[in-house]
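Alright, structures below, take your time with them.
What follows is a pair of complexes built around chain A, which joins chain B in one and chain C in the other.
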Partner chain A sequence: MLQTLEQFAEACNTNARLRQMNRDWSRTIAILPTDRPEVFWLTSKEGFIQAGQGPVNAADLQIRADHDIIVAVFSGTLSPTEPYNAGDLLVKGSQDDLMRLDIITLLIWGE
Partner chain B sequence: MKHVVSVSLGSSRRDHQTDVAIMQENIQISRQGTDGDMVRAKDLIESLDGHVDAIGLGGIDRYLVVKDRRYEIQDAKALAGAAKITPVVDGSGLKAVWEPYVIRQLVARGVLEPAQKVLLVSALDRFGMAQAFYEMGFATVAGDLIFSSHIDYPIASVEELEEFARKLLPDMIKMPFAMLYPTGSAQDQAPVENSYGKYFEQADVIAGDFHFIRRYLPASLRGKIMVTNTTTAADRELLQFRGLKTLITTTPVLDGRSFGTNVIEAALVARSGTLPDDPQWDRVVMQAGLQWDVRVLNSLPDSGKGD
Partner chain C sequence: MATRQVLPLRTAVSTSAGLASAAINFLACVEVAEYAGGSSAWIALLVAGGLIVFSASNFAELSGLYPSAAAIRVWTRKGLNDRLSLIISLVYASTVVFVIAADAFVLAQAFHAAVPAVPGWLWIVVLLGTIAWANLRGIRVSGKIQDINGAVLLMTLIVISLIILGKTSWPDPSQFFHIGGGTFQAIALGVFIYVGFEWVTPLAEEFDDARAISRGMYIALGLIAVAFGLFTMALTAIFPHIKALESTMVPQLIVGQKALGIVGFWWMVLITMTTAMTTFNGGLFTASRFVYALAREKALPRRMAHLNKHWVPANALLLLAGLSLILALGVMATGQYTVLINAGAGVEGLVYALSAWLVFSLRKREASRPRPFRALGVPWIALGVGAVFLLLGFGALLTTTAGGIPAALIFVLILTAVMTGYVWFVVPRLKSVKSSNSAVKAEPEETIK
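Up next, the complex of A and B:
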């Protein structure tokens, strides 16, 4: 999981367009697998994304799903919309942040 | 008399009814808003099916046509599927054919000039208009990400717009429509935060969906031109007060309001019997005698009260 999130962060950070899009987006995202005890996080600050493992305080966005779904979403093999619509991916936070995450994954892996 | 109804996810406060002459025949048209209630909209379409000559889908796009690809929004597909007999149209067929023609005519007549800067608040739902602006040399910013998703990223070329469409739309059409576009009372709400005034300030021409425009409308529109539709008399007063120089609507103004493209498209389908995916559709649109509307709201360079 951590490796997947780090690769996701690197894909964002090496994409100039995504850095520009996220330049004013400062968020902490808690990634909470429902079938594993570990928790992970992503942070976005000044256009750069970082990934890590461990609990975070005051996350702006919480993402809960089975480990395999989270890995699939952040590795680009599954779009977030499908598990979200099916109720298999639960997101707590603002709709704008959810939409932005969706757009980021699609711009990296879409088409 | 033929009768068409626009079933809209928009606010019921904007409901109205009138007649329109299409190809020398009067057609009764009415708009019924369902305040963002998808179930109510579906029930209404079911009840109208077989009892009216065409149904327009308002406040929602069914098809997003970008270059040679057509993407179908799933929520709209479900709504349209509620009618088994009566054709249901969303205005995309009219936007694809008529709006680029209107832009080219406005340039040919000197109303618009390619040296002007354009803010097209949403381009993926009116790619024809976007393409016309880009191809005619207007410096054009497409604000889809800005105004729909609150991502401060202006799209500045038709190639990038097409790339965004290819990458985003196959997935986004599956999302609940309310995530993509304000429906019901959300159309009347001012945004919590509006830091996008710079895009309005930089533009000479503000174009596209009026709900997006109105939501983010800056205090001053002094000297600017707007190209849109679905404006009412109250909207015109507001725009005049803010100093807008010229309001251009791509659809005709009837009883003081310019109708949505879905309404006019439904009237065309009712009158001609030709559907938008028919090879003859372009000819039907161009021979229908449609008129755009140009109104000067503030004629003096320093007029308006928006500052």
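Up next, the complex of A and C:
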């Protein structure tokens, strides 16, 4: 999981257009696999994304889903909309942030 | 773990009450009073409200079970199947267009009464166009403004109605308890007064406390029942022979004028405008994101997922605003606004019935999943109330227009047939199309320089 998130972060950071798009989007995203005890996170600051493992004090966005779904979404093999509209991926936070995350995955991997 | 940005209970109340309190409710109150036979209209509103409480508890359980902006799409997909879910979601989302169109019509009537030199259709074009433009620019009516607007509307209705009830001689007490032949239709249309209270559920992700949605809906329902119940009583006090109101399209302006003279008249014009514009704004915002999400899962053409430089799904928003405008102008030309009320009440009645079934079904299918809130009276009372909503929904749809035609039923049947054909024949083709480099086309234009 951590490796997938790190690769996702790298894909974002090596994309100049994405960095420009996210330059004013500073957020902490907690990623909580529902079938595993581990907790992961992504942060966005000044256009750069970082990934890590461990608890987060105050997340702007929480993402909950099975481990396999999270890996599929962040590795680009599954559009986040599909599990989201099926109720298999739950989010807590602002809808604007959710839409931003959706667009980031769209920009990296397409549909 | 806490999330940084959370919405308060107050916003759950104001969103639920605000989306239910559409300007078309003023005309719906007249219709309820007509069918109920006058002063006893409050009984229809009370019974409808009592039934709605059960429905609200169903939505609260479903929202707690799957807190998602995709709301009914998720619940029906889990409780039924994907195709049915898509058909139901599309028809249900269409009620947003009905309500926006109906409110545009009411708004045009109010403004035309206030400024007769300007034709009503022009008001519709200008005001709907203004809200669509503001939405396209990413300008959102803030939560606080929505909170204030909802509170001012409900307080205005309560105060103005109480002034009228204090001024007017009351009818014979027996008339307050009269049950006539049109009571069933009055209850069915009474449901329409509360329609939209559940549209707060797509915001479930933004509340930290999962119980805020259920509490917000219950408080909102109470406020709506009191405010619009008093308004209907004030109407029947001014017009003991309710048929006299049939010819007016601006009952709220009459009530305002009777209570506070010219100040009351203009105050109600202002209230009508803010109410309708809040409905336009909330409706277009929510529905355009829903269309965007469907386009992202390839259930709608992908151009509906296009975002403009303000991160707004522009094509989806323009489509919805355009459909609302066409429908509103159609209603303006024909005067058949009751078709929209009956269609809206009918579809919502059926969705409320469905909510009871979904709770029942998901209690079996997802028995172990945590539920922050459990619906009232499951299974038998909840299913019984669901059956009543089924009857009320069909009752509203079967209500005939002047020519004896069940226009609402025909309208909803055609809409459902179109959606079914679309889901069966077009969606599979959309899903099978391999996209080229869609990322470039889907990115917010001009955001990335």
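Here is the rule we use: the second predicted complex is superposed on the first by the 110 of 111 C-alpha atoms of A that agree within 3 Å, B and C clash if a C-alpha of one lies under 4 Å from a C-alpha of the other, contacts with A are read in each partner's own complex, and residues count from 1 in each chain.
In this section, a contact is a pair of C-beta atoms (placed from the backbone, for glycine too) under 8 Å apart; a residue touches a chain by one contact, two chains touch by 3 or more.
Worth saying up front: this structure is predicted, and the values here are computed from it rather than measured.
Colleague: Put chain B and chain C onto chain A via the superposition and say whether they clash or fit.
Modeller: clash
Colleague: Just checking: does A:107 make contact with chain B only, chain C only, both, or neither of them? Give me first, second, both or neither.
Modeller: In the superposition, A:107 touches chain B and chain C alike.
Colleague: Between chain B (first) and chain C (second), which does A:61 come into contact with in this model arrangement: first, second, both, or neither?
Modeller: After superposing on A, A:61 lies in contact with chain C but is clear of chain B.
Colleague: Given the touch rule stated above, what does A:14 touch, chain B (first), chain C (second), both, or neither?
Modeller: Once the two structures are laid over each other on A, A:14 reaches no partner at all.
Colleague: Touch test for A:81: chain B only (first), chain C only (second), both, or neither?
Modeller: both
Colleague: Just chain B (first), just chain C (second), both, or neither: which does A:24 touch?
Modeller: first
Colleague: Looking only at chain A, is it chain B or chain C that touches more of its residues?
Modeller: Of chain B and chain C, the partner in contact with more residues of chain A is C.
Colleague: Tell me the contact category for A:99 with respect to chain B and chain C: first, second, both or neither.
Modeller: both
Colleague: Examine A:34 and indicate which partner it touches, taking first as chain B and second as chain C; both and neither are also allowed.
Modeller: In the superposition, A:34 touches no partner, neither chain B nor chain C.
Colleague: On the A-aligned overlay, A:53 touches which partner chain: chain B = first, chain C = second, or both, or neither?
Modeller: A:53 sits against neither chain B nor chain C.
Colleague: Can you tell which stretch of chain B collides with chain C among 96-104, 150-158 or 294-302?
Modeller: 150-158
Colleague: Can you give me the overlap between the chain B contact set and the chain C contact set on chain A?
Modeller: 17, 20-21, 79, 81-82, 85, 95-96, 99-100, 102-103, 106-107, 110-111
Colleague: Per the contact definition, I'd like the list of chain A residues that touch chain C in the complex.
Modeller: That would be residues 17-18, 20-21, 28, 30, 55-62, 79, 81-82, 84-87, 90-96, 98-100, 102-103, 106-111 of chain A.
Colleague: Taking the touch rule as given, give the residues of chain A at its contact with chain B in the complex, in rising order.
Modeller: 17, 20-21, 23-25, 79, 81-82, 85, 95-96, 99-100, 102-103, 106-107, 110-111
Colleague: Which residues of chain C touch chain A in the complex?
Modeller: 1-5, 66-70, 73-75, 77-78, 203, 205-206, 208, 289, 292-294, 296-298, 302, 307, 311, 435, 437-439, 442-444, 447-449
Colleague: Hey, which residues of chain B end up touching chain A in the complex?
Modeller: 145, 149-153, 163-164, 166-168, 170-172, 174-176, 179
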